[in-house]
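There's a structure below that I have some questions on.
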């Protein structure tokens, strides 16, 4: 039934061998050439800890490594937001990261934090769903309200008003939680843009993690 | 460095066991209750062929199965566009499917056709890239022009003009190829909307394919 | 009162004879040169039926005639959606066609299906209204809900959710009707894009029909 | 081929007699109830002139008639812009009116000024084209540049810069012409909004004019 | 803590003397060269009155001065809308002017009418708020509804419907007030575009007024 | 000329005394109630330094003061980006801050950083211009390219590609400068969202600074 009879069409070309999509991603991390400086002792220790714990240093940290002051400030903020005590679970914070990065279509952050959602939830499809369209996921009212706020804040921050905060409170979020939702969403609106500004590439190892 | 000293924050909650994100996706395919009718012999044979070749019947076909005339028309058009002879390779057609579905943030099509890009290219990361932001992928000029046309046609069809066709011709596409690019992009602009209108869920098996 | 006294303005130029806006529309149907192939017997019969019934073959069918498999698949889907039994009247389906085509600013479809709305409703101004801004038309709640769904599905398919389907059910649409609304809206999101991709021109006869 | 075999579908409903789409448009001109005041002698003469020349008083003037100062100011500006000497022909000015009103999807202005384009050009299809998507019309470079400027000025006035004026100069427009293009485009951006704010209805006679 | 140790960074450059941002704004009012014509006696008197009352002639009037018919029509409409009796206070009308001009990012109108809001309210920060994001201002329900209507009318006039008028009525606006809100919002949608089309510059004196 | 004779209009209401727009801005800094914790010694010293140098502690720092770890991370990043050595002058960095905040319509950041542009440039109107529409400012090619990149990165980060970086290099920016432009633009995309999420209010003293 689907046979084309058009004689003018040349045969479908066999797929040519392609350069792998991740080629160079672990060695040429950004499109900028930034002369490296030696890591500060504090940051050298931090990189070592990453290698021990994750098996690699996330490319975003390597991208910042040309300047220890910038690297240190970024790492401090990241670790506080994503790892410190919060009324939001680590998975919830990663879900915000992915939903915001999906709005901004940020390749680096979708790959790295999509892997984190898969790992923390133990549910590979959940990572896909949040990366593709969080509205299609079967979320709890709490999760849905959280992501609605984060994505509206990303898309139209000028329209976020008291009613938006009230919607968060209605599903049980405290004022401190609201701060954290706003701060995590804000942080990835920053990171997404630094990644896009520099064509930052994710470590290739993320792709296969927690599938 | 990332320790929060705020005493008012309650302990991060351990992730609760979640309902798997794909639960029900293989049994409740859409949000609509449509009384089934018996498959026509032709369509029954087609379903059998799917099971033999793929190991399952794609949910989109099952969704259409309530009406054999609709199912038959959909299958005929799909098979012609995606499988028949064309100046576009099957991988190229799937890349269009994914880039358009990414623009439209269609969960069903991103899952099903993302798997196809991974399988046809043998490159899992390529599927991710096109699903997330095709502009971040290292594409050939031919591929890039093809996806630029398909995505502009999805986003702002009213602005597609002769210059857009000329850009395709400059990288070697024939008029027949331009038809096929437009037709495949058009088809997924249809499918994406039928999937969104009905909350169509992809077969769960796609998630793990060709990783 | 409206006399301009500015001496530097040259006299308003008399309108020069213009090439008629429809010139060539009935002979050069698209911007693509596609070598024709002989129509299959089935499609030749279909074209003949069009001439008998309508007095002409719609240009979209002639555009597809370079490939009988594609033409056949398109005609089968079109006829099922627009002419087969449905809980939606033919006029309602044409109203969806026009509202979607207005969102996408598709010249071909607005002309052809605008004529259909005029003919089926016997109300020329209704065709204008849906083509210009359906929100300005005095519609029944059923019609309004139907077009709101179809246009949201066209503009932001990723935001269509259960509440949107619920709004259709509230005005009396069945699940089968919802499928049909989504399918017709989806179909014209495809057709609009194929028309824009190829600069498809409507038969000039449509312009004056049912005025 | 298009026969639906689904037994659950009820018969397509015959189109019910509808209230004509233009019902009330000539008597209830806006959604606002504004107590009329007697026309000033100047405006009474103007209305009489309209009736003699056009056969009717355009509804927009009747809408303004509740306040002679407002009516007079509107009529003065309108007549200067659209009828006084200008480097732009009257048809060109009406084309701007329609292209801007299409961008703003203004029912009143599309109906009234679409009729004017049809009448001044003697080409009914030209009126349709500009109302639907001016980019699909076969325009001279001068006309195209003029409408591109007017529509960009409507959509994103904050992005109009020297390069946009330069594009007008390149096709032969003088600085005075540029003023007129901007002023006519600006005027319809005003009128479109007053019409939308008040649900202004066009005289029903426009629909059939110059078809 | 904020010391950069990157040796490759050159010293921050001392700010070079810049050309003042307002240079030329009082002498080269637009980007168009329009041969002046003598003012009509009526308009000459009007300019004289401006100088006496304001100390200067607003640049928009000087821009129009190349054609007395245009100038007269503009001044008549402006004065009626902004200064004549209305259910809206002059401050309210200026607030609409600024909120609309903020949506359209119109430099001329934000400067000139921002000064008017500061002057009429005696509250410099109110002028800033409306120019930056009126949603952040502490407005009365009446003011908020008025600006919501005016800005929606500016952004998406095609979506303004009866419910939008009803929201105005609920906070006490009469039908005549609704006309005035729509007319003032419409007027600035015109003026913003004429200013953008011509790169109109505001009198430099506005910047420091009512701070 | 502008006298309205409409008898139904009630007298323009005299402006009522309004609550000042900045009332409460210095005491109720955000819409969130966050129990304070004692400042760390390092942050207490930092606040003291702010008071000595600026005469006040910026509200954003007070907003963060509920958690010293967060405050410290924010301050470290802010100070590095805006005050440390860079190929961008401090004024250039503040111009980016304001242009980004204008895109996002962030009241807090426009007020605080608008004052900084005024102060650093010694040109009050320059601050207005960047806050209103940087495209209307007379910028050097370097400044214009810098702000074009920053605003595109804010509006559509997914479309920033090599050509955008090339445009920066063409006007003399180094790769390190490109990093800094992206990082400052990213930072304000974060801050704008934290301010919007919490309704953060600027210190009232900013309004009058450097006018």
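All chains are identified by letter, namely A, B, C, D, E and F, in their written order; residue positions are counted from 1 within each chain.
Assume a residue touches a chain if its C-beta (ideal position, glycine included) is under 8 Å from a C-beta of that chain, and two chains touch if they have at least 3 such contacts.
If you're wondering where the values come from, they're calculated on a predicted model, not measured in any experiment.
Undergrad: Touching both chain B and chain E: give me those chains, sorted by label.
TA: A, C, D, F
Undergrad: Quick one: which chains contact chain C and chain D both?
TA: Chains touching both chain C and chain D: B, E.
Undergrad: What chain lies farthest away from chain C once each centre is taken as the mean of the Cα atoms?
TA: Comparing chain centres, F lies farthest from chain C.
Undergrad: A-E or A-F: which has the larger count of contacting C-beta pairs?
TA: A-F
Undergrad: Quick check for the class: compute each chain's Cα centroid; which one is farthest from the centroid of chain D?
TA: Greatest centre separation from chain D goes to chain A.
Undergrad: Looking at chain D with chain F, do both copies bring the same residues to the contact (over half shared) or different ones?
TA: Mostly different residues form this interface, as fewer than half of the numbers used are common to both chains.
Undergrad: How many angstrom between the C-alpha centroids of chain E and chain C?
TA: 41
Undergrad: Centre to centre, by mean C-alpha position, how many angstrom separate chain E and chain F?
TA: It comes to 22 Å between the two C-alpha centres.
Undergrad: Could you tell me which residues belong to chain C and also touch two or more other chains?
TA: If we look for residues of chain C contacting two or more partner chains, we find 1-4, 6, 8, 66, 69-70, 73, 76, 80, 84, 105-106, 133, 158, 161, 176, 199.
Undergrad: If we use the touch criterion from the header, which chain pairs count as touching?
TA: Chain pairs that touch: A-B, A-C, A-E, A-F, B-C, B-D, B-F, C-D, C-E, D-E, D-F, E-F.
Undergrad: List the residues on chain F that touch chain D in their complex, please.
TA: 2-8, 133, 135
Undergrad: Any idea which chain A residues touch chain B in the complex?
TA: Going by the criterion above, the answer is residues 1-4, 6, 8-15, 18-23, 75-76, 78-80, 83-91, 102, 105-107, 110-111, 120-121, 123-126, 128-129, 131-133, 136-138, 176, 199, 204, 207-208, 211.
Undergrad: Considering the complex alone, what residue numbers of chain C touch chain B?
TA: 31-34, 66, 69-70, 72-74, 76-77, 80, 84, 104-106, 149, 153-154, 157-158, 160-162, 165, 175-176, 178-179, 181-183, 185-187, 189-194, 196-199
Undergrad: What part of chain F is in contact with chain B in the complex they form?
TA: 35, 37, 66-70, 158-159, 161
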